[in-house]
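Labels run A, B, C, D, E and F following the written order; every chain starts at residue 1.
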Amino acid sequence: MLEMEAVRKIIRRALEEDIRSGDVTTSNALTGSETGLATALAKEDLVVAGMDVFREVFRLRDGGLLYETELIDGARAPRGTILATVSGSLASILTAERVALNLFQRMCGIATLTKQFVDAVAGTKAKILDTRKTMPGLRILDKYSVRAGGGRNHRYGLYDGLLIKDNHIEAAGGIAEAVRRVRGQAPLMVKIEVEVKDLAEVEEALAAGADVIMLDNMPVHAMKQAVQRIGGKALVEASGNVTLATVRAIAETGVDFISAGVLTHSARAADISLKVKRRP
Amino acid sequence: MLEMEAVRKIIRRALEEDIRSGDVTTSNALTGSETGLATALAKEDLVVAGMDVFREVFRLRDGGLLYETELIDGARAPRGTILATVSGSLASILTAERVALNLFQRMCGIATLTKQFVDAVAGTKAKILDTRKTMPGLRILDKYSVRAGGGRNHRYGLYDGLLIKDNHIEAAGGIAEAVRRVRGQAPLMVKIEVEVKDLAEVEEALAAGADVIMLDNMPVHAMKQAVQRIGGKALVEASGNVTLATVRAIAETGVDFISAGVLTHSARAADISLKVKRRP
Amino acid sequence: MLEMEAVRKIIRRALEEDIRSGDVTTSNALTGSETGLATALAKEDLVVAGMDVFREVFRLRDGGLLYETELIDGARAPRGTILATVSGSLASILTAERVALNLFQRMCGIATLTKQFVDAVAGTKAKILDTRKTMPGLRILDKYSVRAGGGRNHRYGLYDGLLIKDNHIEAAGGIAEAVRRVRGQAPLMVKIEVEVKDLAEVEEALAAGADVIMLDNMPVHAMKQAVQRIGGKALVEASGNVTLATVRAIAETGVDFISAGVLTHSARAADISLKVKRRP
Amino acid sequence: MLEMEAVRKIIRRALEEDIRSGDVTTSNALTGSETGLATALAKEDLVVAGMDVFREVFRLRDGGLLYETELIDGARAPRGTILATVSGSLASILTAERVALNLFQRMCGIATLTKQFVDAVAGTKAKILDTRKTMPGLRILDKYSVRAGGGRNHRYGLYDGLLIKDNHIEAAGGIAEAVRRVRGQAPLMVKIEVEVKDLAEVEEALAAGADVIMLDNMPVHAMKQAVQRIGGKALVEASGNVTLATVRAIAETGVDFISAGVLTHSARAADISLKVKRRP
Amino acid sequence: MLEMEAVRKIIRRALEEDIRSGDVTTSNALTGSETGLATALAKEDLVVAGMDVFREVFRLRDGGLLYETELIDGARAPRGTILATVSGSLASILTAERVALNLFQRMCGIATLTKQFVDAVAGTKAKILDTRKTMPGLRILDKYSVRAGGGRNHRYGLYDGLLIKDNHIEAAGGIAEAVRRVRGQAPLMVKIEVEVKDLAEVEEALAAGADVIMLDNMPVHAMKQAVQRIGGKALVEASGNVTLATVRAIAETGVDFISAGVLTHSARAADISLKVKRRP
Amino acid sequence: MLEMEAVRKIIRRALEEDIRSGDVTTSNALTGSETGLATALAKEDLVVAGMDVFREVFRLRDGGLLYETELIDGARAPRGTILATVSGSLASILTAERVALNLFQRMCGIATLTKQFVDAVAGTKAKILDTRKTMPGLRILDKYSVRAGGGRNHRYGLYDGLLIKDNHIEAAGGIAEAVRRVRGQAPLMVKIEVEVKDLAEVEEALAAGADVIMLDNMPVHAMKQAVQRIGGKALVEASGNVTLATVRAIAETGVDFISAGVLTHSARAADISLKVKRRP
């Protein structure tokens, strides 16, 4: 579930960014009493994410608007699907339209791309993970959209997961020392993950007792060896410029998780239009 | 110039989103006294945008970090270019790294895509424009990045430009009436633009005295006729799912401006890495 | 229309400023169950502005209060007119009273003064404009009140209008250069205005292609010459310590707009009282 | 002393209101490297208030600007006095100018008007007080300006003074009951004031043990009687549409304090200009 | 009465602190459609404070939750008392539970301790006062809880009471000078209190005309002498590490007020449980 | 390490709560030019926590104050120890004093109490844990203070740990189902903990594959059996009204962790005074 209190902050900020002192076109070209119906239409095949966000934009703008949909997040919507309708004051709808679409199109775009990754690894044990390469200020939406597309979340931020990367290892003087340091201090409920670049480091991470081992940018055959060596003693995550073209081969190495920054740092906005009809 | 006070708000929010109660890995794996040098490297050809933003993330995290670069926004940086270096506390650098990259990669990504559009219309009079299809909360950065890539900004939001779209026209009962209404009320310094879908509406917009006429999703030959009919009596903007494949033909119709939502709603993040070396 | 989301921020801040930890008088002297009726009365002739603001203060304080009025913004209300009534919890009304009046009296004060300027130029083509000399934090209300009084808005801030003043001209090394610089960079939808102090500068501004020319503190006869010289090639605005005593003569020079800082930097609060009667 | 942390919030909000996404004129017409000197000049006789506020606006905009003045708040500055100078980046000065002046002119305006009231009662024991009729969001500045003009502050808000007005009395069923209720509950350090409209109510207020008695809109001869009757058993405040024309006569009745809403709800902005010279 | 607008800010901040990106347990372990009843139970004898705060936490989390209680703040609730019930969505109740209890337990804890102090001085004229030693960010709740327990509030902060302590006296060069300085500048409605450490200083404070005299850490017999010397010419407050063991003897010296920091800086949380039952 | 950006928010809010419109005593009784030295003294044996917070309060109030200490967080400070000194403007020190002490005394109080628990279990394998029963708005400080006292943190909030309590189990229809649900959805890096009340539930939790098992309010002998049954297959946490009197016996059952709400919901403020001396 999406934490709506956090979502509302994002929406209010977005509406304020777009409207500020007022929508000069709508407030002057309309009398304010016109009513009508707006229809959100999928103009390409997509996976739905963000229905509650889309609705909430209109609701925060005008509590009197009515919203209807028959879809839920995670559903596939082929080109031509009516995603939702909003009815009520045309002035309210027109002023909120752009923000609602900007958020909804991004969320559906991420879910759609994620689903493509998930489908690509179907039949393997690998789960698709997101990263922290999310849009600044929108992480909660980005990570939710990945889940709507069938992916799983890695950590939310620097505060809720111990991921010891190459830089930390260098700074601490080795994997063993780095893990030792964090183990003594970390919050009880957080796992420890170690990033490794070759099999030698896999050994070190195992010896240090990592909960999760991240294979960073390793060739597929090395990943396979690593998975066998780890043999269930830790969870295994593959990472590093994973694409739709490469994800299947990585999954077949037997890793537990594959993380892909592209899901959130370079997702295209889904093509969705909002058509408005005035009520006579 | 970027309004840095507004940028700082974005950065603080992004750092807070990522760090919250603390970077548990860095604060535990490092002693805090390690120092070193971080190098930002272009891993593909790109156009630079957001140098000040990149630096400001590190500066806000730790005023003692030193930043150096020889590039300015708008510069082309071929694959392999060192974009900037940051030196000082490793703990500070590692904690700020992700936010700095997330912002910088997006900005460079937008600038790079914009430049491709600008190059595609070279030799015509057409200027490339952005739209309001920006990332919620990041509009000021998105629009700046478009400028860094050689594009121009349309309006910033609903408050600083009168753009009468089909919906407003329907609500008002025609172009003439819609323009008449807004003309009497609008702030003095804001222009009036009318969106039209065919030549008949071009006539109406001209008659109503629009400052700018937006040709929305019109075929190229119709755009050409529209440009001739308008004959300099208003500025002409072409709009509607413009892509790199179609932009040149549109530019050759003689329009003054071409707006492309893709610049900001679907730009890929530029590929940039940050490598850290510890000082002995 | 007033952007109510922005207005609510102003009201919440004002209530917080006045109430903070609590209204110690009302919360102690009343039991909290008393109800009654409050009547807002015009104690001098005035032009109404801010009805929605006045109501919203009470509504934000206590959603259960009832509000009634038969007047709309822009209406003339002679001395003795009942402007509105509020009924419900006396404790709520008494605690919100001062903030509601402080805002309403200022807004009516500005509208009333603006209407005097508008009436003074009746029969000429000149429109009365406001400036950026508004009360910090209350600009949206000040500018709305000017519209309620029959005036027009100039720009909202530094972000939505290009106004090249003497200082910019000096810095850029002349009007031509200053206009050339901004023309290449400015957002599409924003007009360019140039401030001039004599006829020589009028020529330069015309040559540079200004959309609007501001005659700053020029004598009336020089304004007249300027208007003739410009001859419709740009809009003309007169500015500089305009008062009720001087505005008519300025309007008769044929300028399109007259801006007056006094409307917002020195408007008197309209005299309005709120009388409360307890329900038995 | 002014609480500068609170002042900075006001200034940041004001700058944000005026600049938002950026000062499009200054950032485009200037290169950003121009430097110069700005001189704030009194264009009428005034009493200075807000020197620290004026400086802080420039300092918050650009920490590199230099500020100089030889005056302190409360000083009289005749027409033609140079109030202060600011030097450094012209872009910074021009962008901050309007906000700095808007605040400074209001503060000097209030101080100047207050001093006129203070001078008018010279030789009597009466002190001039402000009210809660301040500009929403700017109360801390308004009340400081009154002090700079030689006035005293009444309470800051509903939270730091018990003022039982006619409405509270009606709700509570009489002065005695109202005072009794608040006395048992009020914070220790806050005084109790009762508003009375005639001599009968003066008796009641005295009997109830009020610390301060406010004579509301009473004729001068009745005030005189009230003062004699009270005979030092409580402080006496006169209130109700007090003007420069009436304040002397009121003071001569022997009241301790005279409060005047006009000081803050209707003060004119003092006439101050900022002239900028570019450094060659 | 509690100022609920200020309370809501505290609650929103607390919920955000606890929930941030989402309650991962509740949102995943529950379907979201489960409903039930939660019962708040006193697990020790206590004095109730914060009923409205407890309810408001649930209401802000989910407007659909129903709340019932038969108790009001200030009531004594023996061990085993059902304090309140909340019914509706189990997901909403479980997510809000901890914040609701954290606030409610603290408030009841303070009220309970305060009541013990109040009972200890029963029959004397002494009133129990709080101090500014409250939990940062929660002062409004702490001070309200003291009132619910039968105590009185001293000042709210540095802004609404003039308390001249030893440090101010040293800085000003003596009690007389310190009082003289503040008397000329202070807001009209605020009393002046002077902290004294012996009888000599009592004399000075009396001579200076203090409204309240605080006997700081004086022996009981000296307090008695001080009370007699002051003889009603000022209110008398005893202060300094007052405990339940010492408060009675202090009260019997005849002081008007006794302030105790322990009420808020070291109150235990009252023992309250929330038991949830699922509706079939 | 403490995340200082989050700490500064807490401090600013606390200063604002105490000072608001201004410290009327200090700003009036002092001239503002007095300087001096303030000494923070331990008036009882304590464990230090919050040195950086104490210093930051003064630094945020006045960047010119100098701070010195020879102690670090976690150090034991016997009664009479000088904890730190602050020197500079007396006005700045006096205004910030109360907030600095309120925060510092709470933090040292928590660390001191935690250390008593840690000492009580010395020689066993048990680590002392905190809970979410922290002071609303101050959780980051409370949890840090527990670490300074030698304790460990459980989770920070509902977002960074999956703790399935009895209520979740009831709602989901059993431990197995609840764990199954969360396992499929939870972020990768977060552990799953199950609360159990008897040995039967221990079996279920083990079967479901819990990472951590919390023994809630179980008798000591039952805990011992549970530890043996679990046999290292999950971490074991003991919980439920743990006190200094009971903690040792619990530790000797062999549990890995013991959590104690009392550390943060009922810690006494450490007794610390700040003595100020004026520089001649």
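Everything below uses one rule, namely that a contact is a pair of C-beta atoms (placed from the backbone, for glycine too) under 8 Å apart; a residue touches a chain by one contact, two chains touch by 3 or more.
Remember, it's a predicted structure, so these values are computed and weren't measured experimentally.
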Quick one: which chains contact subunit B and subunit E both? A, C, D, F
Those chains that touch subunit B and also touch subunit A are C, F
Residue-number overlap at the subunit B/subunit D interface, same or different (half cut): different
If you average the CA atoms of subunit D and of subunit E, how far apart do the two points sit, in angstrom? 33
Whole-Å gap separating subunit E and subunit F, where each centre is the average of the chain's CA atoms: 22
Cα-centroid distance, subunit D relative to subunit F, in whole angstrom: 45
Based only on mean CA positions, could you tell me how far subunit C sits from subunit F in angstrom? 52
Per-residue overlap in subunit C, given as positions that touch at least 2 other chains: 19-23, 139, 156, 159-163, 185, 187, 190
Here the pairs of chains that touch are A-B, A-C, A-E, A-F, B-C, B-D, B-F, C-D, C-E, D-E, D-F, E-F
Residues on subunit A engaged by subunit C in the complex (per definition of touch): 12, 15-16, 19-23, 27, 32, 91
Within the complex, which stretch of subunit A touches subunit B? 10-11, 13-14, 17-26, 28-30, 34, 36, 90, 94-95, 98-99, 101-103, 105-106, 109, 132-139, 157-165, 167-168, 170-172, 178, 181-182, 184-187, 190, 261, 265-269, 276-278
Using the touch definition from the top, list the residues of subunit B that touch subunit C in their complex. 129, 147, 152-156, 159-163, 185, 187-191, 193, 212, 235, 237, 257
Show me the residue ranges of subunit D that touch subunit F in the complex, using the header's touch definition. 1-3, 5-6, 139-140, 143, 156
